[in-house]
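In what follows, chain A forms one complex with chain B and a second complex with chain C.
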Partner chain A sequence: MAAVGRVADGALSRSRWRTGLLLALPAIAIFALLFIAPLFTLVANSFRTQTGAFTLGNYERFLGDPFYRGVLWNTLKVAAMTTIGCLLIGYPFALYLRGRSPRVRNWLALLLLSPLLISMVIRAYGWLVVLGPNGPVASVLKWIGITPPQLLYNDTAVLIGMVHVMLAYMVLPLMGSLDRIDPTLVPAAKGLGAPAWTCFWRITLPLSAPGMLAGAMIVFSLTASSFVTPAILGGPKVKLMPYFVYTQATTTLDWPYAAAIGFVLVVVTTGLLLGYARLLRRGNGDVVFG
Partner chain B sequence: MTRLLGRVFAALVGLFLVAPVLVTVASSLTTTRYVTFPPQGITLHWYAEVFRKEEFLSSFALSAGVALAAAAVSAVVGLACGLAIHRHRFPGRGALEAVLSGAFAVPTIVLGIGLLQWFAQMGLASSAFTLLLAHLVLTVPYTVRLVLAGLAGLDRSAEKAAAGLGAAPFLVFWHVTLPAVRGPLIGGAFFAFITSFDDLTVALFVVTTDLQTLPVRIFNYMQYDYDPTVTAIGTLMVLFAAVAVVVIERFVGVARLFGADAEQHR
Partner chain C sequence: MSTSTTEAPAGTAVRRGRLRLDGVRKSLGGKEVVSAVDLETEPGEFLTLLGPSGCGKTTTLNMVAGHLTADGGVIEVDGRDITGTPPHRRSMGMVFQSYALFPHMTIADNVAFGLRMRKVAAAERRRQVDEVIEMVGLGGMAGRHPRQLSGGQQQRAALARALVIQPDLLLLDEPFSNLDAQLRVRLREEVVALQRRIGTTTILVTHDQEEALAVSDRIAVMADGVIHQLDRPSEIYLRPGTDFVAQFIGEVNALDGTAAGPAADGYACRVAGVTVAATPVGEPPAEGADVRVYVRPEVVRVGAGGNGLTGSVRETRFLGSRIRCVVTTQAGTVTAALPFDAEVPEVGAEVTCAWRPSDASLTAR
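This part shows the complex of A and B:
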């Protein structure tokens, strides 16, 4: 009897195994052929000359050329500044959201996420108008009597556009961390005579560090690898890595070099993003709205 | 006092968040031939202009077609893959899960150039079909994740009860399993639609001069023209996105799409 049962079990699990594989097959095919294969091609091409011979020259060229080292440096700088900007606006905003009713929180969260749901091109174009010579910022400056400076096509324009999109990625993990702080801690410290500032500095800030870290990692790496917003608001004057991946691939048509720049970008950003995913899975991301 | 300060701060952040959309919508009504805010006078001329421009209409048709296909395919593939991962053991399951959750970590621009070089190596000329294939990589991970979240909330005993009462496997699936994941599936499909419809980065590498999606068309147009046509298209696209957002919010919740919830899929 037992043997029959085991055989039946074996047959059952094999048939379930097959069903599983069959169901997953389309997704496996998509990711094998359209994700893994292209990335392998890219890595392989980055070690080739334009004629196809093996070389390390593309990487030597990137790291040896002061111009491209400058591009890498500027990319990291803009990403770091965006991260700091998001933290400076996002932290007080997350604190503000914490004390609100679920309804208000939901609305503000939707507002926060709205830049991510609007077409990237249109969003960047909107900033082009806001910061442009006939835009509201320039009008206000003129009205006060200041000649408006060039607000577009520089690091600041890119910074404004990037903070705008990335703010949500900073605030969401922060709210998760803030929500997890034991709500009795601060009143207890206050009851023992600690001033509000000390409560914040010694309790709230350290306990929300995981959220800050997760937010900083994702904002930094997504900014370093974003193309559309910097391309529209910064143009060719703001030298960032994704822009050079694009121009090398489509204008200069040096595919192996474009592949090498792309791969350097992956190394810089992917490690951080996978670290972020790990933090999330460990339970630092369970923000609950409403 | 602190309370008032908090309100003022929140209002400023809110203004910052809506500024580009607000200004785009307002300046689409201007009577001037250049973009300006505040708009001068009110006209719908630029909306008429959008519908007069043949190339924008054909780009819209291409984008909408590809996005519809991407939404439908990712819903079906996502459902099948979600069921497989949630209920079955099969070789490669761990690897598949790792790729699905790690895919977002690869910069879109790198995916774009990888696809460009890979398609060229395979001798695949760019077409609406290759565009669809490229977009599936962006959309399928979301539908899978949402389906898995839906399945996690489904009580298996309901399916067992239905089967025990004599329902055929297909009927169990149709009447018990499918309703449980219908919300996530619809939300996921809509999100796939906007992701595909709005994508510029990947599309830039896949398109040719006579096959341009709407974002690519706008991006190229912007380099030469600064007339308010783009603000009119922008307003239409914002309205379009708003409808999708209402649907997503209703079925899955927007915050959930961006990882703002821990029960991703286990």
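This part shows the complex of A and C:
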């Protein structure tokens, strides 16, 4: 009886597996078609000359040129600073939201998401007005008696514009992560003699690492690959990687070189994020993905 | 009363931990949750706050722990006023229903947390952590993370973490509620044995009346933010002082009558034309006053003849440890829980239901 049962079980699990695979097939197909295939095309393109022959020249050209290396460095710097900026503003905000009523939370979350409801171009031009030489920021500074510094067309302008958009991507995973922390942990730590700051440092912060990690990954990769905001607020002086992908593809029509620049960005960003994840994981046992 | 001082771990000061609450009040969200609670424990006592959810027992415990600040009244430990002291400057070992172990730390680090906060040197810390982990029966588990432990083991770890700081008071907030029935009973027996051994004054919050009766030196039955009755488990059970206490704990026969005056043993009253006796809780009622008599099924003796309520047996039911016998009397239905080996009357037989006056309580209605 038992043996029969086992055979039936085996057959059942096999047929179940097949059913599962069939059910997942559309998703796998879409994933392959929309994500894996383009990436392969991109990589393949980046190893070709304009005429289609195999070459390493595109990468030699990029990595051998101090100008392009500088662009890469600056792109990563802006992305890193945006990530840090979002973390510094977003963490206290998420912490504040944690203790609020659902009503307050919903309204504040809507406020947080509001920049995403406006077109990127309009939002960037808005900052152009705000930060411009006759804008409100400059006027206030002048009124106080300070000569306003150059606010536009530099890294700072890009940073401000990017943090504004990206904040939601940092706060939402952070909120999720903070919500998952058992609310009795901090009282437990307090009862054991930990003052508020120690509770935060040793309990809340390490346990919210998964949210920080997720938020930082999203913000960093979206910023490193963003085009519109840096293009408008950075002006002619600040040129980031996506800008060169764009010009190579549309102006110079050098698609293989554009592909190479794009792929360098993908590889470097992925590498940095993996290193960052590993660093966080080591710092907190294996709880980060738990 | 636990006054045992044997086998106390080195450095444990027994005979301290006298908690006093005086008129403690707390409102949450505009509603008064705790109204004027007075309470005083003996050092080393195991006291339980028992009541249904929303009765204010957990709020009271949180005020003792310092997680909530009392709106009024005074909280004292060993004569020190701690009403306004923040939780991290009190010395309370608290165990939560959710265990509240720090998931990113090993059991050893969890237990060591309080000692670290007290700046205990590493070697001494390790010694104490090992000792207390051994004491709660988690030897060999020190290096594991909380999620690698079963519910019962996690609760032991939480207990170790609370005890290692040698707290003034041990506060247990529904600590057994998340465990299955068998484990719950076993763990609570262990906790009681441990508490007797180390002599730390313990406040347990629970809604489980059986648990309260089993572990407590005294029970404070709470409802609607006030303590209805504070007494030894046997008193609470046999002589409930209010309708709430009588109904909340176990089954009860409530008989309405009028006070007739003091009797030889207890206090007499007339119930449906029959004179019965019980023990008044608090001030004896005035003669002629409306009173209610509470009689637990276990103390009702069913027999032929004698003084007491008479009636016919409606049904008898074998329940394993007890035999349930329902009698329709002139004062209404009386339920008796007869011992296993009792002579069980036939259904329809005329019987008398009687009890010792000291086993029943009498309160004003």
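In this section, the second predicted complex is superposed on the first by the 225 of 290 C-alpha atoms of A that agree within 3 Å, B and C clash if a C-alpha of one lies under 4 Å from a C-alpha of the other, contacts with A are read in each partner's own complex, and residues count from 1 in each chain.
One rule holds in what follows: a residue touches a chain if its C-beta (ideal position, glycine included) is under 8 Å from a C-beta of that chain, and two chains touch if they have at least 3 such contacts.
Predicted model only: the values in this text are computed from it and were never measured.
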Identify the partner contact of A:Val228: answer first if only chain B is touched, second if only chain C is, both if each is, neither if none is.
first
(Q) By the touch definition at the top of the document, which applies to A:Thr270: first (chain B), second (chain C), both, or neither? (A) first
For A:Ile30, is the partner it touches chain B (first), chain C (second), both, or none of the two (neither)? first
- prompt: Looking at the overlay, what does A:Ala259 touch: chain B (first), chain C (second), both, or neither?
  reply: first
Q | First (chain B), second (chain C), both or neither touched by A:Ala194 | A | second
Max touched-residue count on chain A (chain B vs chain C) belongs to chain B
| request: Look at A:Leu56 in the shared chain and tell me whether it touches chain B only, chain C only, both, or neither; answer first, second, both or neither. | output: neither
Footprint intersection on chain A (chain B / chain C) at 285, 287
Within their complex, chain A touches chain C through residues 182, 184-185, 187-195, 198, 203, 206-207, 284-285, 287, 290
Listed in rising order, chain B residues that touch chain A in their complex are 6, 9-10, 13-14, 16-21, 23-24, 27, 34-38, 76-78, 80-81, 83-85, 87-93, 96, 99-111, 113-118, 121, 133-134, 136-137, 140, 144, 194, 197-198, 200-201, 204-205, 215, 218-219, 222, 230-231, 233-234, 237-238, 241, 244-245, 249, 253-255, 258-264
Seen from chain A, its contact residues with chain B in the complex are 13, 16-24, 26-28, 30-31, 34-39, 41-42, 45, 89, 92-93, 96, 99, 108-130, 132, 134-136, 139, 164, 167-169, 172, 176, 221, 225-228, 232, 242, 245-246, 249-250, 255, 258-259, 262-263, 265-266, 269-270, 273-274, 277, 280-281, 283, 285-289
So, in the complex, the side of chain C touching chain A is made of residues 65-67, 86-90, 92-94, 96, 98, 100, 102-105, 113-114, 117-118, 145, 147, 161-162, 165
